């Protein structure tokens, strides 16, 4: 199990859950473009484009819904 | 716990829940672009673009779904 | 409580719930652009652009999901 | 009750539920642009643009999620 | 009942559920543009545009959420 | 059953669930553009476009919500 990047959706805290949502979002990108060199080349442009940043935040928000539900919203 | 920006998804009121959704949306942006200088530079443009504002509102709406569910919709 | 714009997600009817979803969508815009003058200036353009109107309707739809769930779908 | 456009989210059949989702999507547009003349003027363009049609279908899909859940998926 | 295109959200298998999600997505397009001639004319362009294809897949994904929930995820 | 690409939404692990979400996203594309030649021709462009990659990740995130729910979040 240790060789998986996603052993569980459970996290100790909401903040760790948010970080997991970020990780899921990035893995969603990597399944389409696995070449890290290319991803690094793209970063300067989109990370300075407001609409690209909003779109990235939206993917994190969708993944955070999943992680939060999995954790019973850490209640 | 005091050094986390997201100690809990629970809030006292719906309005505080909405503010938390706004915060989650901004943190989604900051994970991609942590440089506050850059973010401030981008703001004049996108905050005067209707489509960018609608997109920002959409991310808040998605995060508000999560926060509202976590709080049992404050019923 | 009277000084909050969002005292509750509960509404008497589905139609009032839809109006609340519209309100939530607009508040999502106002958190990014609080200047009402600017918002009024933007309106003529995007309110005559079909894609902008569809995007606005989408945000309302997402917020309506939240409000409808909060109200047990008014069953 | 007869003077409301949304008396209930309940419908007799899935197909009627889908039509209600379409209605909700159009009302989402009308809250931003209530002028029917303008809406008719916009129609020829976006109804012949594939991406606009896909976006419209997406809003219907989101509203259909709400209507279907309200109706217990007509099981 | 035989004259409805959507008699039920229930399907025998997940794959049939996915096909129903595709059908729902297309019906969402047809409610805006019922002219099949126009739809056929648009197809060559958007079916060779990666972003249009991704957008179409997103609508299917949203409708598949609804169909899968309706079927108790075929567990 | 062996001749179906989607026998079940159930997977052994979260990581396999994520891969299934990727598969669902690609099948959503293939229902619109079944010609694999065309899809391969499109790949170099969109896989080097940050916004296209974010959009692809978003579709995966939506499908992952479905798969995760189907699996009880692998708790």
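Brief remarks on what is shown
Lettered A, B, C, D, E and F in written order, each chain numbered from 1.
Simple rule for what comes next: a contact is a pair of C-beta atoms (placed from the backbone, for glycine too) under 8 Å apart; a residue touches a chain by one contact, two chains touch by 3 or more.
Being a predicted model, the structure only gives us computed values, none of them experimental.
Copies chain A and chain B of the same sequence differ in orientation by 60 degrees, per CA superposition (steps of 5).
At the chain C-chain D interface, residue numbers used by both copies make up under half of all numbers present, so the two copies contact each other through mostly different positions.
Computed from the mean C-alpha positions, the centre of chain D lies at a distance of 16 Å from the centre of chain E.
One finds 27 Å separating the Cα centroids of chain B and chain D.
Between the Cα centres of chain B and chain E there is a gap of 31 Å. Looking at chain E, residues 46, 51, 55-56, 58, 62, 65, 69 sit in touch with two or more other chains. Taken as a contact graph, with one node per protein chain and an edge wherever two chains touch, the assembly forms a single closed ring in which every chain touches exactly two others. Of all residues in chain D, only 4-10, 24-29, 31-33, 38, 42-43, 45-46, 51-52, 55-56, 58-59, 62-63, 65-66, 69-70 touch chain C in the complex they form. Within the complex formed with chain A, the chain F residues making contact are 13-15, 18, 22, 46-51, 53-58, 60-62, 64-65, 68-69, 73-75.
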